[in-house]
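In what follows, subunit A forms one complex with subunit B and a second complex with subunit C.
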Partner chain A sequence: MTTAPTAAGSTGRRPRGAARRSRAGTAFVAGYLVLLIAFGVLPTGYAVYFAFTSAGGTFTGFDNFVTAARDFRFLDSVGHVAVYLVCWLVSLVVFVVGLALLLHRLAADGTGKALRFLYYVPGALAGAAGVLVWLFMLDPTVSPVRPLLAALGFDTFGEVVAPGNLPVLFTVIAFWTGAGGWIVVMYGALNNIPRDVMEAARIDGAGAWQTARRVQIPMLRKWIVYMVILAFAGGAQLFVEPQLLSLASVGVAGRDYSLSQLTYDFAFQLNDVNSAAAISVELLVVSVSAAALFVARSGFFDAD
Partner chain B sequence: MRTETPAPRRLPSGAPRRLPPRLLAGSVLAAFAVFFVLPVLWLVLATTKTDRQLVHGSPLSFGSWGALRANWDALTAFQDDAVLQWLGNSALYAGISLVVTLCVSVPAGYALAMTEFRGRRALLVSTLVVMLMPNATLVVPLFLELNAVNLIGTVWSVVLPYSFYPFGVYLTYIYFTTAVPKDLLAAARIDGCSEFDVFRRVALPLATPVIALVGFFSFAANWTNYFLPYVMLPENDQMPVQVGVTSLLSNVPSFNPTVGSLAVERPQLALATLIAVAPVLIVFLFAQRFLVSGMLAGATKE
Partner chain C sequence: MMLTKPSAGTGARARRGAALLVGCTTALALALTACSSGGAGARTSKDGFAQVAQADGALTVWVDATRMAAAKQYQQLHPEVKLDIVSYDGDANGSNYLQTKVQLFNRTGKGWPDVVFSSQNNEVTWAVDAGFAAPLDKGLLPAATLGGFAKGANDVCTVNGTLYCLRNDLSQVVLWYNAPLMKQFGYETPATWEDYAELGRRVAAEHPGYLVGDAGDAFTPEIYLWAGKCGANQITGAKAVTVNTGSEACTRMAGLMDGLIANKSMSTTGVFSTDFAKNEADKVLLMPGPAWYGGAVFKDTLKTPAQQIAVAPIPQWKGDGSPATGNVGGGTWLVSQHSAHLEAATDFLTWVTTDNAYQGATAPGFPAYAPAADNWLKAQAAAGYFVGDLAPLKDAAPQVWPGWGSGQFSQEAIWAATVKPGMTQGRSIVSLLPAWHDSIVKYAKSSGYQVSQ
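On to the complex of A and B.
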């Protein structure tokens, strides 16, 4: 290790080097800082301003939040989103980490490359395109998995999209488009674990399971935390899936299902940008609190 | 995968027990491959069918080249090659923002990970908070902001917001904190490198995998973004392909019964969807080599 001599030998020069480095650090982030303020902080601040003012711009305290919460659809959609979030986060973490580990361990060279590509393919169909494809997949009249749907006892589209099934269906769709990208990220991170660490684990007699649990997963920690934070926020904003489903089922299923749909309804149907902003601010507060919890518990911001 | 290789007779008694888990793992990987690919396969095959075949034929059958040809002709005939124009627009928007994103995000992620400066933590926190903000909510403030500087309807109204890519900054940040040892940079400084040289000559070459990752995800995110260009670029000849395709959707009779003779059929919609996403897949295929190479393994051996 080379750290010890530098720390001991150059104490006199240290402040100057640190100052130089600090200036360089500022220079490196300057361009990003401009974009962050212009297209991140400013619009976010604007939205928060909307949430606490009336359409005329006068300060109204929590009135918008009360209006939104009193809406008869509000509590239902909170419940829907909560159930969906549990399904989505659990399946994402378990399967993404599991698949990345399996791929890394088993599939050598060509096969692994091909599988990573196949897993990623639906990622290109993010958003509306992917949901459209799934509307066909879930419709027993045209679906290629008709036998599977029949075996599960579903004969019509209406039965498939029964309210009780929706959290699972939305999870399947979101996983289908979203998991591949994360598998690529995790696989890359696994590749970056130094070979001697893996070798040491093997010499110590650790099997596949032990190595994964005691060496690989701890080293993936930051990536997993990051994925969970973003997946939580993304999941809380669930929108395209229920929106298109309600379009396809003519309002039978998925209508006013999620909080984001309610936001959309307030902003574009009722012309109430302020209540819409209030719901968004609530979503933001929940996501940030969850993120803060994860960050605090994992040392995510430590520079080492 | 090599599940069938071992010569059965000479193996020690532990070996037969090792085979089933391997087989099990292989089938899990295969099952997920089917799950991810089957709907895509269906989509590809749907482009070769007529609307009638789509409903009455077997779901995973091939239609005919003639039907594919007819779908293509019908699609390009829609508003005089509008589809090709949309593809060009998408490439322009995603391309410019890709370049700006890389020039801005990679140095920022590096500085956040490897240097200490005033406001570092504040920057990390605010980036994360902004990333968690519901996207749909940001569109209205962004519109008002860009309207104030008269950029609505110009290329910059989407390119500039796209270039702000906090996700990429975090990817770079995590990559540098987990995969690049600080010793390496310290060594370069002792050798007399300036801070900029340390970044350019030491950190940047090591960061190839993450640069590829950020570049690819930025390209894919911008290519598939829908809501922002939908609001910022209302003119038909400025639309990116994602917005264009959904304008086709509203002309499909089975989704919107009110359209008349200009109707677009479902297989044509499938074809349009496929064309809209193909560039992302092609870029992924070429970038994959860089995305997962563990270049750093062994960079700091004591």
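On to the complex of A and C.
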């Protein structure tokens, strides 16, 4: 008698709780879905439509792609973006993983906490603001690190932004603005490695280096792949760094540097939105293909 | 029973959620279509273009930071006019902000400003095709007003014989110099380029560190090579250009600059660079530059004290019978074809380009409207910043060499990206002339120009 109502009550409550959970889930997903459709799927569809039509709206096949590829800046931009991506991805993987491992080693004492905070701080600055900070850093007249620039042989802003230096400069800026967040993510992932695995490695006589190489890095692999996929997509769309640099240097460096800048030129200076869309679609195809390759080769979605 | 009911409920809710989602998406799609099809009202043809129905309301004026004072002064003098003043970068240094925005407004069908100031003088090369700039000499402005502008001032505003903008200021190149310093060193202002080069050599030897000019800005070719009649940018039609950087006129002037750069009497940092303001502001002996250098560079940027800067005619080559000079920019004012306040827009435009209260008194540059220019010269003399007579400015106004045009592609951007990095590496300008030529040809072609060489 006394148990029956409770049992009935509990059976009545449980589905209601489940319903609330599922309702909350639907609401969250729906909110995301609306935004995804409005700002992801629809614009992409719009771009694909533009890429295959003329200004008047008639289907033109690959004409826009040919127009874009024939522009004298196209191949240069592809080269620039490719070199930048190599510099950016290699430095990202090497330094983010390295610094995260270091951070994990130091986690025990206070320096670890301070470093974790420091790494994250630049990431809290919005992208464009971060780039502006760097424009000051790189101008020897106003730079706080002027002696360092002078030691490297740079006395004027013009020398710093010479064309050959740009991939390295953009990598440094992107690393400073974007890597901090990834270091914190990797640090979190390192903390998720079971304590007994680390303990076993220690008992087997593995030093810091061997633990990192044989235990920690293999277990971080999926996180690294995830970072590379997102960094590749972001890096291929390089825009803010060269665009701001071109404004700051009054056009000496960074104008027409990346593919995204070329799309901007096509759309707004040559009034050719269709060719601009063609380049955007190419970037999308390249980024999605690269992501697919990484996912397939790394077994990203395989259950552990 | 108890278990199936809630699940059915969730199903219904999920369906409702999906319906809501579809609803939202449809609403969004509708909003987007509404955006792209709006603004197409009935238009009547008048003053040479199809005008929208005129209405009351605020006149939207876009100006750069420098012209903000003009808009505010107009508001003060005309308190009855509702004015919405918007500040933007004035398209300075080829930023293309205005063009970008107009392309977007053309897509959404609304949002155009009524009157716009641009510090570039090539806006009509795209603004006419974009259906933005209104023709001004087909009824909007009387011929008497237009006739008052300096000879050739509005050439950059003319497309196929129709006027689409008004010049704000002229930017004829003259030779600025520091009068007390010249006197102290015992130098005469050079009348020929040969004398100028010789003076550069003497300054390098006798007073190292002092400058006879600067070649570090994006508009450097418009100062020296334009004045030297180098045919790098001969706009011959609406979409046609002749490019020739290998002529005697080009190599001679480039060689002169190379010599002065080598002996360090000509700097390569650019007058607006932080470096120049910090290290070279008090080292300027001579400085070929446009009319607006007086206010914008010496007075405002370098903070040169009053009673030092004077102006002389730009040097000419020995034996050249037809004096020529260059030109650097000179802002323009445009009226939108889409304006619903054309009467107010025209009144503002007329006031801001011709009225003595602004152009004749407080304007920072040499007015393009000749009667205002006379007043402006008097006002400058009365203000007492410059030494001596500013008459060389007036004499230079009609001498701008007409062989250098104003195309859609930015000559300044091309020079900055092609020649400047080479100069930074220590290469001579003469050796960079072929690369400059190739770059102009490429940019002109990609902007749809017919290129002759």
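One rule holds in what follows: the second predicted complex is superposed on the first by the 260 of 304 C-alpha atoms of A that agree within 3 Å, B and C clash if a C-alpha of one lies under 4 Å from a C-alpha of the other, contacts with A are read in each partner's own complex, and residues count from 1 in each chain.
FYI, contacts are C-beta pairs under 8 Å (C-beta built on N, C-alpha and C of every residue); 3 or more make two chains touch, one makes a residue touch a chain.
Because the structure is a prediction, the values reported are computed rather than measured.
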Which partner chains sit in contact with A:18 here, subunit B, subunit C, both or neither? Use first/second/both/neither. both
Regarding the shared-chain residue A:40, is it in contact with subunit B (first), subunit C (second), both, or neither? first
Using the touch definition from the top, say if A:26 reaches subunit B (first), subunit C (second), both or neither. both
May I ask you to decide whether A:171 touches subunit B, subunit C, both, or neither, giving the answer as first, second, both or neither? neither
Would you sort A:275 into first (subunit B), second (subunit C), both or neither based on which partner it touches? neither
Winner by number of subunit A residues touched, once subunit B and subunit C are compared: B
Identify the partner contact of A:211: answer first if only subunit B is touched, second if only subunit C is, both if each is, neither if none is. neither
Which partner does A:248 reach: the first (subunit B), the second (subunit C), both, or neither? first
Could you say whether A:142 touches subunit B, subunit C, both of them, or neither, answering first, second, both or neither? both
Examine A:60 and indicate which partner it touches, taking first as subunit B and second as subunit C; both and neither are also allowed. neither
Overlapping contact positions on subunit A, where the subunit C interface meets the subunit B interface: 18, 22-23, 26, 33, 38, 42, 141-142, 247, 267
Contact set on subunit A toward subunit C in their complex: 11-12, 15-16, 18-19, 22-23, 26-27, 30, 33-34, 37-38, 42, 71-73, 139, 141-142, 156-159, 162-163, 247, 249-253, 255-256, 267-271
Contact footprint of subunit A on subunit B as seen in their complex: 1-2, 21-22, 25-26, 28-29, 32-33, 35-43, 46, 54-55, 59-60, 103-105, 107-108, 110-118, 120-121, 123-138, 140-142, 144-145, 160-161, 163-164, 166-167, 169-171, 174, 177-179, 182-183, 186-187, 189-190, 195-196, 199, 209, 213, 217, 220, 224, 226, 242, 245-246, 249, 255, 269, 273, 276-278, 280-281, 284-285, 288, 291-294, 296-298, 301-302
Using the touch definition from the top, list the residues of subunit A that touch subunit B in their complex. 1-3, 6, 17-18, 20-26, 28-29, 31-33, 35-36, 38-44, 46-47, 50, 95, 98-99, 102-103, 105-108, 111, 113, 115-129, 132-134, 136-137, 141-146, 176, 180-181, 184-185, 187-189, 191-192, 194-196, 208, 219, 222-223, 226, 229-230, 233, 236-237, 239, 247-248, 260, 263-264, 267, 273, 276-277, 280, 283-284, 287-288, 291, 295, 301-304
Looking at the complex, which residues from subunit C come into contact with subunit A? 2-3, 5-7, 9-10, 13-14, 17, 20-21, 24-25, 28-29, 32, 93-96, 99-100, 103, 126, 129-130, 216-218, 269-270, 272-275, 278, 410, 412-413, 416-417, 420-421, 424-425, 442, 445-448
